[in-house]
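After this come two complexes, each holding chain A, first together with chain B and then together with chain C.
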Partner chain A sequence: MSTGLENGLEVSEDDLETLIGDRALDREDHVNAPGFVVRPDQVQEVLTDLRDEAGFDHLSCLTAQQYENRYESIYHLKKYADPTQEVSVVVPTAVDEPVSQSAAPVFRTADWHEREAYDLVGIEYDDHPDLRRILLPDTWQGHPLSLEYDQEQPQVVTLSEHENPVQPDHHDTESDTMFLNIGPHHPATHGVLHVKAVLDGETVVDVDPDIGYLHRCEEQMCQSGTYRHQIMPYPDRWDYVSAGLLNEWAYARAAEDLADIEVPEYAQVIRTMSAELCRIAAHMLALGTFALDVFGDFTAVFQYAFRDREVVQDILEDLTGQRLMFNYFRLGGVAWDLPEPREEFFEKTREFLDDLPAKAEEYHNLITANEIFQVRCVDTGILEPEVAKQYGCTGPVARGSGVDYDLRRDDPYGYYPELEWNVVTEDGMDNYSRVLVRMQEVKESAKIIEQCIDVLEEWPEDDREIQANVPRTLKPDADTEVYRAVEAAKGELGIYMRADGTDTPARFKIRSPCFHNLSTLAEMAQGEYIPDLIASLGSLDIVLGEVDR
Partner chain B sequence: MEVPLEAGDTYLLPERISDLTGLGGFGMAGELLAAFIAAFIVGNLMLAMTGVAGPWAKRKITAAFTDRIAVNRVGPWGLFIIVADAVRLLAKEMIIPENADRPAYDLAPIVVAGSAMLGFAVIPMGSGVQLADPEVGLVYVFAVAGIASIGLVMAGYASANKYSLLGGLRAIAQNIAYEIPLVVTGMSVVLFAGTLQLSEIVAAQSEPLFTIAGVTIPAWYALVNPFAFVLFLAANFAEVGRNPFDTPEAPTEIVAGYQTEYSSVYFVLIYLGEFLHIFLGGAIIATIFLGGPAGPVLPGIVWFIIKIWAVFLLTQWLRSALPRVRIDQLIEIGWKGMLVLSFANLVLTAVIVALIESPGLWG
Partner chain C sequence: MSNEPRQKTYETAAPSTDTRDARMGEGMDDRFNSKLREAFGASPFILTKFDEFMNWVRGSSMFMLQFGIACCSIEMIHTYAIKHDLDRFGAGVPRASPRQADVIIVPGTIVSKFGPRMKRVYDQMPEPKFVVGMGSCTISGGPFQEGYNVVKGAEEIIPVDIHVPGCPPRPEALVYGVAKLQERIKNGESSPVVVKPYELEEFGDLPRDELVQQLADRIDEEDLVMRYNWADSP
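Right, the complex of A and B next:
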């Protein structure tokens, strides 16, 4: 074996070839990573080897799709230590019998991903612990992303013909447990989430999040939009609580890599600045709603968080003309330059940044320094780092468990490499740490914005290029595939695209950080009390628009 | 006609009304009518304070704490929102769950609201407003306020809703855990005053404690024994289910607890009952710790209402600023902390009282 495999740091393609050996039927290179085609009954073997021998401990995403002659599951693997090292494991299965081995025993996050692949595309996974629909209702007929799916087929299937997804009651003769539907209409589910909980008194015995209530076919809508203009508005609608620009960047980065577009540096600075503004707004909201869950009502903290977030929203409005659905990024740059007069914009932003430390202090006094808050949050909702990695957790959730992983630093893009800032981690692994991480990330984002403003102020006036020269119609070469991710507010937001030579993607897959983070809820809540389940859910900071897509 | 509230010389409101109107001349029936009129006046005063002014004030107070404006469109300072709210709430459809346990489900709101109303009967509100003054006044107040727990658990189980059930169970566990420290701490006041009669307890607090720069500080038990006062306040917040002890309702956890399935008039009643309990709690605190209606310049009843509202303001402040404790932590604080502290306080008070009353023990 080569040294790369032994020290686990840098693994070359040759190393991987040796490691996978005969099990690789073919090579299939993606823009971002080498791909190995593997037999459907050797998935677990290959993934285990890649994880244990080569250090690919992060199953970032699983894309399923159907070709004319085959189904395909693509496992996008990365390393938590170095996400620039990537490998794709491509598993084709026959059209007449789309059965593939499940990866769930190797990576726990594959559980939900394979359920989604089964639900939307129709691939069945052998050895899967619980293969049932995840986004669509149990009553759904057919698999909407498969090629033979009939869009005209009526889908009204009455609940009485099938199992009612909201179970009216649950009698267990063996034990004294009680079944409780938390949601889809519940004050603390942050949207339309349905948590099926089994309780023993006030103790949570079992939790099963039931998602999909906000499924809006985002992937399919993106597949029917053109690369150049029609897709960009959609990302705003995934994580819609002010993380819009971060989402847009995910698409921009993937599409720019796919079509080989260079973004001018000036535009990158604007992107970096505006994205961090969005991050602050998103974290403020996360903080406010978490306080809402723990404090119990629309209390002072929630209102304060919204008051301060409002300032960010105003700045973003000045910049993009929008408060919610920004649609500001374009492939190869941004829609327009900073608002005139620039001095006013800079001054407003600086004012906000100057006020921020005092506000952060106020939050610390009100929230994190409060003893009752500490009693409630410290050592509740424990998420061990190894478990977090197994579930593919990223963002503040992973960093609150001590997983030092941030794509802005580890897989640099935009203007981040030129700036001075830190990745915040906490070792508490509990609800409290996740809150602390978010509060400190706000400060780090403020640092980034400050530096970006300095750069923008100094930028020579005749060199303000906001947009690269991009053809009106983009038609990337057929069969180019790319998977790219950025650090969104909630974690790693990735996008997989496959081009088929037309101006729309043949497959558009969104890797949602909330989807992964939410899947850890059972790990965090089992054995705890209901209030801790609610607090854990709040500390995960999920947005159902992004979970369900 | 100002009548001093002195020991054994309480001129109660029913008697006063019967004397003023000459109803006393009609024998038993006249006495009953006078009593009814007096109860009607006091009851309406309390309802006006809790049901009408309370929710409006709560909106304004919470808004001030949370950096908002609150109602300001309907009438001056949004005052007419009270009328609009009343119409809205009463006009709403009443939805009763299919499997509700009917008599219990219907009775629960009445029990919750009624028990608190009963408590006001013995509170000396100053300016001669007191309906009755039994010798066991304090015990009576605690007893009738305790009836609310039954109402809550009735509401909880009769609603045929799991969230209601959880809320009802939480409410009963919480009330049992905090009723005992509450009563035991109240008893320390009885040790000082040497009586359970509320008018006597108020009278005992009018004695001067000490004098600073010509201002005489009265012997309010909050000043005599601040420890008991703080304990009582805390236990009272748990008793009325307000932050940081609002676990029985806990909107983000169990939707609205025992009141989840109540709508329209029943909701109003339950909500009113809660407000009445907060105000009754305030009235008890004012009576046994803050000198009752005592205060300079203004008439007694005004001072009394100011004191009640001060306690109410405190509940709203805590509600805006403090997180909620978890139910198991709450029970733990109750049984392991408050109970021990309240008994320690009782023993401490007993020792102090013994030392004061028998100076010979000083040695």
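Right, the complex of A and C next:
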């Protein structure tokens, strides 16, 4: 049955109440969205209805947490057509028997999310296709984010050989399958990712990304830091390829909504400008390493990309004092004003922007017009838009599949609504399109930066307020919960926070775009050749710091 | 093809002494003339110990392992790349295989799942091998020291020769660290191992305590494991 609502039309809270009906045990509203409490055995039903009848086709995040008297899984739903429409489905389960129905049959992306919730918090999901640990080693004891976990207890981790998982049911007299480990230490995995692949000849039969080799407890760290100062350095280390300010913005936006802080407009302009500089640096790295992956170009393209990154990093260092881990945003603004003399800073930045078109042309000639590159990328790693949505893909990966979704425009924040720029999409759905999207986004970012500089130059000197007045110790009201996202370099980077009246969050959950994007790898690579698997992995542009958190 | 003797070829391949003589001036002994000769005086021989010579060679041509872990690896790539160009210091040839490398730069946070893998990679490198720890994470766990899953420094797993502090260290700092390592190698120094590193051992060899009992039916006796005693970590 269609109600015409799937086009992103506004669904009122009353409609939702009627739709969920008496399956809602209770209401539990969050700062960002209405929340409905449902029974653990009705999860699939409710989510299916919300998706099919009300158009909530984007399972943005799943947060799991433990209270004194219960466990809780929160499904944060949004619409691809209009991400400002949100709803939370809250599923409490008993402490002695934390079992809840799995959402994986409704949203594919719930598969990995529920494995993570099981791994870290200890909730079990009925009807889940493959419930095992995802981030921690298989032999780990206990669930580290549950309340009774003892961090001092010893652990044993194995270095085991892997077996061919399809061997038992793949008996073909003509061919033979071969198991291939890629990583965790391998130049093509962009960090410490382990891909278990099974090949039939050169064709990929089965892929299983094994993650967690860089799981450095980011959520735990944030849960033990104070809102005002101690959390901000960590976002820099999620997506660490110079995308730091974009990540800091995710935390800043969520915390500002949680504590109800207004950011002065001048600070918003600086934030917008510096964040887009970060996006350029991040996309340059993606471009350089991708060229390295698909045609082994460690010389020209790779070095050019790094040359340009050096320029951006110089500008950012002038502004923030650091090349990579900026720690520049503050709740309610930024740490300090632009460096003096301002003209010099503007000039330097403009110079970089002026050089950019010629450089972009050069990249086009070297990369996208290169025949080898095209052979390797056009029509390989196909990701259909519907599949992308099922897996919760966002950012350049989704936009390369024609999903027109960009939070800077669709869920506006910062100074973006005042500026002229475009959201780039491509319809090719392949590795080539994803690269094209990134290259064009660099140009769009340059446009944004240019306009920001114009605005900053004109800004009256006596009105340069860089920070709102925020109390030294911030203690948001107990039991306020918020889930907010921004458009980071890789896509939708969301933060869920629950306050408990103290100066540290009771639960801090990171929704990482790379985590979702990586989960599509099997879809893209199965049935293709092994070199295409490497190209697809490169085109997803994952950063393990953000995948594993 | 003609049957002429290839006189021309001989001529061109012969050492062209003319220019050299012109440069040297007259009356010099042309067999042993060199900068070295100037340095060492009249004797045309250099006396050195073989191991000193080898140390000099090792320090002057280091093959680095291409090994990226976390945020620090981005700055490490910048150190190899344009502008900082580590190759200027005879240390810029990243090798993809540990079997061809003599230096491993550990650029990032080591977590429990990666520990055994890193040990394995280190073990695969041929002797003599050297380790540069890059960033606070390899010193103590850095900003993540209190994490439930984070190994408190690379030295808990492999011996480290040079620590480069910073989060992340700037490329200049890494270059300095590598230069310091070269200096030490040339002087034939090696680092004492200060902590007892975690080892890879067979599961069957672990003492049978409560945890091992629990895992007994899930891990084979011969499987290699690493046991983390978090309570003993610094």
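FYI, the second predicted complex is superposed on the first by the 520 of 549 C-alpha atoms of A that agree within 3 Å, B and C clash if a C-alpha of one lies under 4 Å from a C-alpha of the other, contacts with A are read in each partner's own complex, and residues count from 1 in each chain.
Here is the rule we use: a contact is a pair of C-beta atoms (placed from the backbone, for glycine too) under 8 Å apart; a residue touches a chain by one contact, two chains touch by 3 or more.
A quick note: this is a predicted structure, and the numbers were derived from the prediction, not measured.
After overlaying the two complexes on the shared chain, residue contacts for A:534 are found with chain B alone; chain C is out of touch. Touch criterion met: A:296 reaches chain B, while chain C stays clear of it. Looking at the shared chain after the overlay, A:187 reaches both chain B and chain C.
Of the two partner chains, both chain B and chain C are touched by A:307. Here chain B and chain C are compared by how many residues of chain A each touches, and C touches more. By the touch criterion stated above, A:70 is placed in contact with neither chain B nor chain C. Once chain A of one complex is fitted onto chain A of the other, the partner contacts of A:364 are absent, as it touches neither chain B nor chain C. Of the two partner chains placed by superposition, A:27 touches none, neither chain B nor chain C.
Common to the chain B and chain C contact sets on chain A are residues 187, 302-303, 307. Touching chain A in their complex are the following residues of chain C: 66-71, 73-75, 77-78, 81-83, 96, 108-109, 111-121, 143-144, 146-150, 167-168, 170, 200, 203, 206, 211-212, 214-215, 218-219, 223-231.
Every residue of chain A that touches chain B in the complex is listed here, in rising order: 178, 180, 186-188, 202, 291-300, 302-304, 307, 366, 370, 372-373, 375-376, 529-532, 534.
Looking at the complex, you find that chain A touches chain C at residues 136-141, 144, 149, 151-160, 184-185, 187, 190-192, 212-218, 220-221, 224, 233-234, 236-237, 240-242, 285, 302-303, 306-307, 309-310, 313, 323-325, 544-545.
Residues 65-68, 162-163, 166, 243-244, 246, 250-255, 319-329 of chain B touch chain A in their complex.
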